[in-house]
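For reference, the structure discussed in these notes is given below.
By written order: A, B and C. Residues from 1 in each chain.
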Amino acid sequence: MMKQTFLAAGLAASLALAGALPANSQEPYKIGVSAGLTGYAATVDRAWRDGVELAAAALNAKGGVMGRKIQVVVEDNRSEPQEAVTVYRKMLSSDKVDVFVSGCVSAGNFAAAGLLQRAKVPMMLCSILPTQAEHLVWAFSTLPPAGFEVDKRLEYLKEKTQIRKIAVLHDPTPYANLQKSVAERNAAKFGLEVVSVDQYKQDDADLSVQISKARSAGAGAILKIGLGGTTLTAAKNIKQLGADMLLLTSLEDLAVFGPVAEVLGDKFFFVASPSQVYEALPEGALKAGIKSFLDPWREKFKDRDPNWASRGWDGVMLTAAAIEKAKSFEGEKVRAAYEELSGFQGTTGIYNFRPDLHQGITENPFVLATIEGGKVKVVQ
Amino acid sequence: MTILPSTTSPDRRPFGLVGLLPWLFAAVVVGYAMVVGGYAATVVSFALIYAVFVTGLNLFMGFAAQVSFGQNAFAAIGGYLSAVLTASHGWPPLPAMLLGIAAAVLVAAIVGFPTLRLKGHYLAMGTLAIGLITYEITVEWQSVTQGYMGISGIPPIGIGPYEVTSDRGQLILLSLVVAACAFAAARIRRSRFGRALSAVAGSEEAATALGIEVARYKLLAFLLSAGFAALAGSLFVHVVGFVSPEVFGLHMVIVTFTMLYVGGIGTVAGPLVGALIVSLLPETFRAFKDYQDLAYGAVLIVLLIYAPRGLASLFSPRGRS
Amino acid sequence: MSLAAAATPRAGTATPILTATALTARYGHIHALHGVDLRIGEGELVAVLGPNGAGKSTLLRAIMGLSANGGEVRFRGDVLPRNDAVAVAARGIVLVPEGRGLFAPMSVADNLELGAYRLRDKAEFTRRRERVLTLFPRLKERLGQAAGSMSGGEQQMLALGRALMAGPKLLLLDEPSLGLAPRVTGEILETLGLLNREGLSIVLVEQKAPLALELASRVYLLSLGRIVAELDPRGITSHDDLAQHYFA
């Protein structure tokens, strides 16, 4: 009997709590963040969230946006699409979120895109954009086009090296796949030939098969597209195989690159965003834009890599700019105003949105860098 | 609406209202979600879809006492066929769902025929492999599945011009499907086939000596559970409108096992109760932020200590012995 | 009391219901049969005696088609398939295995029902059930109870009752007295005697020789996987007589 009473009470309690609490939609303007705080996207999305929260705090310190304070609601989607649908729904119906500035779990953002379209709530994303035309209307991205990271590397090889044959090594994520296609398409433009394309998995512990294949195909450089520990694995494999090849990797948390540089030395290059090479930037609008973010960031997080957070910061600042432009907090008007934002100086570059272009960065903001004596040095 | 005459008492002894409590609980939760709508509707909808999957899992693991870690493969087959046929080839949802279920059952037959002759760990490992292979296919076969990009623009379930798009409509539809599944499970349990499965669960050798074709019934239970899994996979993609490989990943195996054991393996009401509880609990603790998983885990442990044979077994006379 | 007298069985006259020729079997790595020949007459109750590990259970399993086996088993003249217990059961051979093989969590009623799994005739089903419940009235009181929750004696009754539900022509019993009180064992053996007198052929494997000797018309002695003697139970008066054969 005891058990049943206990159980009944437990069920009743969980039932009562599970429901949506009445949302207080009074004063603050609510920004929702669906982020993979746990799961595969955790590193990136935690940084993104911190950037969003930092920007909200900075705006609130100046009185908010058009007199309203900003409140950030963060929910963990565990890097899973179905969890993302749940948390989007929770933030829409329970928290009455006004806009989303969501993280990099693209499948999660795609899965929820229909919900947002029906609710008429726009989203500014870390990830790539959904493909459905009607979903695309409500979605915007801070992400530079996939080609930029690739082009920067191709450009360097063409201008600064004798290498004309290259290999592409990528993971199966959508963003990496996009970059791979760009590399295949654009290589010729830079007078280069892609002689081998291979895929690996994010948890692979050995890439020597793919690297041997690239070497025997005559590649002088490997474009590695994808994040995580595999970069160090690739570097070690190149060294073990004694392959005379350059390794050029994607944009990544700088912390990853120290050990890689120790293995490969001056044969290792990486794409960096402006905020990562702040010290090396010339004075100007970009450096000033980054400074406004980087000062509070460094105050709070010290040496932590600013790359992903800087785009989260941009996402909030773009939203604030859209609200001010629209002179309205309404979803439909903010959405329309996003499309009109152009020449917006962010920390990652200049954003030029258009009704037919929801991915705002149109000029390549990246640099190619290497590590020399423990210091980041821009080479292109 | 999900109230059924409970058949959790094989001895046909009347035990009154207690046996109805799990169904009453489910009806209250669904009713609540229908009234409140929004976020609660989403959570309960997913729970009902899981209930379909777990009901099938229970046929194989509860009724026949076999182990399969690979049922997510059949959900993926059902879900992806539905998604590809409707979103990419313009099929209406119902035929796509049916074909998805048929394909999953066919694959289950091809895979099950040799593997079900394996016993114990071999069968479990074999099914685990099926799940992993299917996952890899959904990732790698990009021309059809679009890999991690996923497939979007999947239409909601409907017949002709009538589409079920509202929260309430979806909840009603899913509740009807779950009720039908639970009813089918109850009928199966009381049937000759169900008793044969119980015998297989009890002792394969004793069952064989009584003239029960053990291998055939194991296969049949496997096919049925694959059908339920495929139905759940299809329902998921039509309700969400999107599918990507992660949806049917290892995560699904873990969640559904938890549901089966928390709800009560081998009972008729268990899968539904387990699906609802396991879906609602983490939401209950969402406010705990970083401690959400901790609280959820703690409650799971408490549940398994106080109801080691599952919540539904507390309401059946045999379960309390 | 000579060995020759004991070795002249009276069953030579009856038509055989079952004959095994050069039966071999492996069961795990321990128990084995090395070429067993035996024959059971129609309506006969034959006991198979032998020490622990002699291969008694393996012999029954081999007849039932549950163990890999060589040699040949004929049932009423037809060769039985190997390793196909379902087909063997379909002929009307029913095994009550060592440890009874009951479905412990299921009710007594459900266990009985599973015994008649192959039967689709409702009226016949009811008839058999009434018969079993008359033979074992205690089962009637416990129909709704889980099989595993009953006493050992009741469980043995259920195992026997379940076997009878199948309408056996030949009943194979593996140590029905195991772990039971003498009084309960007596009751069960009495019932077996009754069934046998009604014409049911029975093979009874036992370790407790005296019990089996009372009922059996013939006795096989099994040791280390071989039949070492075939005896007339009436000729055996003491344990020493049996022991002689084991060590012969």
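Everything below uses one rule, namely that a contact is a pair of C-beta atoms (placed from the backbone, for glycine too) under 8 Å apart; a residue touches a chain by one contact, two chains touch by 3 or more.
From a predicted model like this one, the values you see are computed outputs, not experimental measurements.
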**Message:** Out of every possible chain pairing, which has the most C-beta contacts?
**Reply:** A-B
**Fill in**
Judged by C-alpha centres, the chain sitting nearest the middle of the protein is B
**Complete:** Note, CA centroid farthest from subunit B's centroid sits on chain C
**Prompt:** So how far apart, in whole Å, are subunit A and subunit B when each is placed at the average of its C-alpha atoms?
**Reply:** 35
**Message:** Using Cα averages as centroids, what's the distance between subunit A and subunit C in whole Å?
**Reply:** 74
**Fill in**
Here the gap between subunit B and subunit C, centre to centre from mean Cα coordinates and rounded to Å, is 44
**Request:** Find every residue in subunit A that makes contact with two or more other chains and list them.
**Result:** none
**Complete:** In the complex, subunit B touches subunit A at residues 25, 28-29, 32, 36-43, 46, 139-140, 142, 147-150, 152-153, 236, 240-242, 244, 246-247, 251, 277, 280-281, 283-284, 286, 292-293, 299, 306-307, 311, 314
**Request:** Going by the contact rule at the top, pick out the subunit C residues touching subunit B in the complex.
**Result:** 64, 66, 85-86, 89-90, 94-95, 97, 101-107, 109-110, 113-115, 117-118, 143-146, 149, 162, 166
**Message:** Using the touch definition from the top, list the residues of subunit A that touch subunit B in their complex.
**Reply:** 3-4, 6-7, 10-11, 14-15, 17-20, 38, 75-76, 79-82, 85-86, 89-90, 92-94, 106-107, 110-111, 113-114, 130-132, 135, 172-174, 177
**For the subunit B and subunit C complex, residues of the former touching the latter** = 10-13, 192, 195-196, 198-199, 201-203, 205-214, 318, 321
